[in-house]
Amino acid sequence: MYSFRNDYSEGAHPKVLQALADTNLRQTVGYGMDPCCQAAADTIRRLCAAPDAAVHFLVGGTQVNLVTIDAFLQSYEAVVAAQTGHVSTHETGAIEATGHKVCTVESPDGKLTPALVESVLAGHNGTEHMVLPRMVYISDTTEIGTVYTRAELAALRQCCDVHGLFLYLDGARLGSALTSPDNDLTLPDLAALTHAFTIGGTKNGALFGEALVLTRPMPHFRWHMKQRGAVLAKGRLLGLQFQALLEDGLYFDLARRANELAFRLRDGVAALGYPFPVASPSNQQFPVLPNETVAKLQEMGYEFETDHPVDANHTCIRLVTSWATPETAVEDFLRDLAGC
Amino acid sequence: MYSFRNDYSEGAHPKVLQALADTNLRQTVGYGMDPCCQAAADTIRRLCAAPDAAVHFLVGGTQVNLVTIDAFLQSYEAVVAAQTGHVSTHETGAIEATGHKVCTVESPDGKLTPALVESVLAGHNGTEHMVLPRMVYISDTTEIGTVYTRAELAALRQCCDVHGLFLYLDGARLGSALTSPDNDLTLPDLAALTHAFTIGGTKNGALFGEALVLTRPMPHFRWHMKQRGAVLAKGRLLGLQFQALLEDGLYFDLARRANELAFRLRDGVAALGYPFPVASPSNQQFPVLPNETVAKLQEMGYEFETDHPVDANHTCIRLVTSWATPETAVEDFLRDLAGC
Amino acid sequence: MYSFRNDYSEGAHPKVLQALADTNLRQTVGYGMDPCCQAAADTIRRLCAAPDAAVHFLVGGTQVNLVTIDAFLQSYEAVVAAQTGHVSTHETGAIEATGHKVCTVESPDGKLTPALVESVLAGHNGTEHMVLPRMVYISDTTEIGTVYTRAELAALRQCCDVHGLFLYLDGARLGSALTSPDNDLTLPDLAALTHAFTIGGTKNGALFGEALVLTRPMPHFRWHMKQRGAVLAKGRLLGLQFQALLEDGLYFDLARRANELAFRLRDGVAALGYPFPVASPSNQQFPVLPNETVAKLQEMGYEFETDHPVDANHTCIRLVTSWATPETAVEDFLRDLAGC
Amino acid sequence: MYSFRNDYSEGAHPKVLQALADTNLRQTVGYGMDPCCQAAADTIRRLCAAPDAAVHFLVGGTQVNLVTIDAFLQSYEAVVAAQTGHVSTHETGAIEATGHKVCTVESPDGKLTPALVESVLAGHNGTEHMVLPRMVYISDTTEIGTVYTRAELAALRQCCDVHGLFLYLDGARLGSALTSPDNDLTLPDLAALTHAFTIGGTKNGALFGEALVLTRPMPHFRWHMKQRGAVLAKGRLLGLQFQALLEDGLYFDLARRANELAFRLRDGVAALGYPFPVASPSNQQFPVLPNETVAKLQEMGYEFETDHPVDANHTCIRLVTSWATPETAVEDFLRDLAGC
């Protein structure tokens, strides 16, 4: 039985593995200063229409978040996030461990808006007795699968400019976001509207890796990376993977496929009468099932996360698809759910 | 022309790549809780004759050093290292960034001895006005290629026990150390004599990865890892690689070969009359060459690091071999050096 | 015109100043290891009926909070506080700067309850992906003037014991709390029910100083203090002040007087028809006044903090009394308010 | 018997106490924003001929060092100090606890020179694999009593300018330094030649307090202070003390007197034939005595620190005088030493 637990249950897309194999005995300098990383960075700059952006490659999501946020902030500055934000909940205090407060605000759909950001600012008086919120952290897709529109992101950036804040977008699932039917953002938009954003590889075809795009000059960013143990010795592995994924659009093809399978799941589950409290236009779906149905599916061997209990008899579960999800896995699941 | 710059210029041993390819579409849980990591941990416990040891897999050397040292120490405690120690010099203050002082002492051969450790302790008065040295950091091989003997390591451990210190051995180049002609240590010795040590994969056949062996119970070690961004989402990649390297001794075969090529280099360079200030029985060799010879080699395309200037006309260079170094590269280098 | 801005607008009670003058040329050892600090610590242990408690003297509130919380927590552990908690709002991220997350929960009256604490715990899954809440931070009086009862504190401690949490009570305004008509707690209760609590001097008769009572053995607490710059060279100044305040009950006399003046203010303001959204039985009072009245009082020269706007035309202000507030200041204020 | 243990064994100069008493019931705003601090800051700016300097008042030496160094440095930057430097040895890793490495170099006389600073720089390669030394920390007087000349400080500053380093001078014993016969520095010199320096009050007439002079604009310095618990609630206590000490030169009178008593001690001890390995022109003197003589003095009740053993039979001790040392204490000591 298939695991819908997450989008990093398998390895890498075969083209990525092939790229590693093809170059395996080629010698390069270490630490991401090699031609593979330079080529991938050039590709990303080109796709982003951002010739002056700096591109860094890091191994994982918590790592890139803690290094980036710490690099942008002075020690008395804080980052604003939705209460569901990954940096607030699921990184074991990684941001605080670098010395910075995460100021959270409840968001019904996992997204931040100018009004929500300003409600956080309103709770800070600008004196030395309180932290200074200086960065806004968002993720696209969000932790609950929603996506930002261009207008929403532009409004956030305008809000940030008014208040002197940096805007950082965590794109761990950026592929799913940019290929969502609800999306109208492009990579050039992201480069124009954020001070930093990531293009997540781990959840969309790579063995691992997050590409960080910095549109603001940060000459010592590599010092921050190294100090946090975030420089991969054989950095080229990151460059090779991103080049394989991005040079010809494979990254978006994979994400589109993951989304389509998620929608097939969604539509099939909904057709069986199960509700979805939050509409998700991406590769994470959150239906509510009776607890006994959840148990039956688990007994059959299906794996997924139980997001939260809805009431005594129902649970909201999370189903995640990826580039690697077989169509048959979706069909099997829907058939088995119908039989529950 | 070959680069002798380091032992992580190429990718991974083909068996490692094959293991990744063979299991690519297998689904596993994330974060190193998968069967591949469990199998590799079991292998390591077996090879170490340490059934109760905890084994964690991390991506890189600075990462494993900062997480481990911080996890062992209270905030007012410090780590003792040789002045050449990697944690002191080449990790951009990563240990200090977790809040801990690195107390250094000069060591002629890169190794720490009970006398050197005690000289550091003697400089600390045990009051609350000074840090409390609590851990000894050593590396095997050291940064200058030397290796510890069993007697030396046992003496250090005894010294640590007397003074209530933890002993941590950074084995980024442990393969080269354990297969060195000067070595009489075994993995069970390391497990018995240290509180923690690493088995380095990056420099000996893996794409990346350091296996950390903890012989002291540390129930929350994974919290420390996660907080520092040191948990790989597809953790199985680490387990697979270490299993491939360690299950049948490949790890040591590769290291032995790297050493043998280094000795061939050493003997050839020495035969040409160039001195080696420090005798290195491992895969890093440090000959002293006239500056003009260094320049000629570089013009030919050879790559290597210049360790330090010896005098106005001579430079100590570093030549590093690895499992991937072709025999012909050594022969070519010696022939071309002879022709300088 | 008097300033009701806070309870640290004046210097020290004359008896405290006299104690400093009387002992001025006496030589003592530094850093709080002197007989004055020992005597004060003995007095506190006696008053707390806690012969085994450790007592440390620190200069200020943010300082004692950051040192204590950091000393109790491992790096992946967090502290739970009310959203209004001083450590969460008004210490410029001091706790986060030591690496720890502050997990907050909204509390209508500024107090934490077992239910509120457990709601925070429920949001943490106990895995290494989230911080581990390990300490509960409360203040008595709270930031909005409320006080804990013995039953409430006992329930919190029981909750902490069930969940393996430390309980820390910030007593910056402990004098006002313990002499409040709503209070039934004693110093021995505090010593029995908390793992650590402070007796605030700054806001109740001292020039400065917070006495920290640790009922849990923490042998290296002074190392934590020193590392954070929290050891006063002439530590005896702290011991002398606390001894002067506590040896014969002056501390409680001063607090009782401050409370009584606050109640006179409260009753007088209420008699003029102004509402108090939260009933405060201590030396901080929070009436709601029309904005024009606020402005008139300020024009007259009265000083106070405006806590928050209530609506477009009304503001909640904070009036604080202290041991040093003259009775005439209260009478003048009430008369002038009546004339507004 | 008198204690020559240090220069903070007594309270404050009577004029300082009087200033506190005279203003005791005056109300002021808190946190150092009061007229007393403004007046003292103005006095300091005038004495320093530095009308644009920012002046902050902090409670203690470790506190001001850790706040200042952290405020000047980015996280990957380090501070250079003599191996005997207070920040390196006697602050329990306070600088490292803020995340910064202290790079040390041995100095025969406790002072740094351009050559010593450049030897540290030479050990750093400027890449992201090593910290970037960015500040030079010196103290005047040094930990072993020596003082800087104007030429020496100017040379250091020039060296700092060449290499892009900040120069910070810890003046915990600045009074003793500026009134030393070997000194030719003035406060305006210090303001012109350093980016930051402190005027120590604790060891020269105040109850406590260090005035920090920042000649470089640092608009958020108070945020750094507050985050480290280094803002005194009744900040005026600091302003009042420094104003009392500095407005009419008392500070220098007190220091001159301490020096003169130290020289009387030095000359008397030397006349008895005891050597002084390092010549100290300030209020700390380091004679070498036979161990049995040390023991006899201690039996008589004299207190002092034993700096370090010289050989099996001799110890270097430290004798410290202050503004409060009675002349008779010096005479008694010399007489009793002569009788040993």
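Letters A, B, C and D mark the chains in the order given here, with residues in each chain numbered from 1 onward.
Here, a contact is a pair of C-beta atoms (placed from the backbone, for glycine too) under 8 Å apart; a residue touches a chain by one contact, two chains touch by 3 or more.
All values reported here derive from a predicted model rather than from experimental measurement.
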{"item": "Path length in the contact graph (subunit B to subunit C, fewest steps)", "value": "1"}
{"item": "Chain of greatest Cα-centre distance to subunit B", "value": "C"}
{"item": "Between B-D and C-D, the pair joined by more C-beta contacts", "value": "C-D"}
{"item": "Approximate Å spacing (C-alpha centroids) for the pair subunit A, subunit C", "value": "42"}
{"item": "Separation of subunit C from subunit D, taking each centre as the mean of its C-alpha atoms, in whole Å", "value": "33"}
{"item": "Length of the line joining the C-alpha centres of subunit B and subunit D, rounded to whole Å", "value": "42"}
{"item": "Multi-chain contact sites of subunit B, meaning residues that touch two or more partners", "value": "75-76, 91-93, 97, 99, 128-129, 223, 226-227, 231"}
{"item": "Subunit D residues touching subunit B - in the complex, by the definition given at the top", "value": "75-76, 78, 89-93, 96-97, 99-102, 123, 128-131"}
{"item": "Complex contacts: residues of subunit B adjacent to subunit A", "value": "2-3, 5-6, 8-12, 14, 17, 20-21, 23-30, 59-67, 91-94, 97, 202-203, 207-208, 223, 226-234, 237, 324"}
{"item": "Touch list for subunit C against partner subunit B, complex", "value": "31, 70, 74-76, 98-99, 128-129, 132, 220, 222-227, 231"}
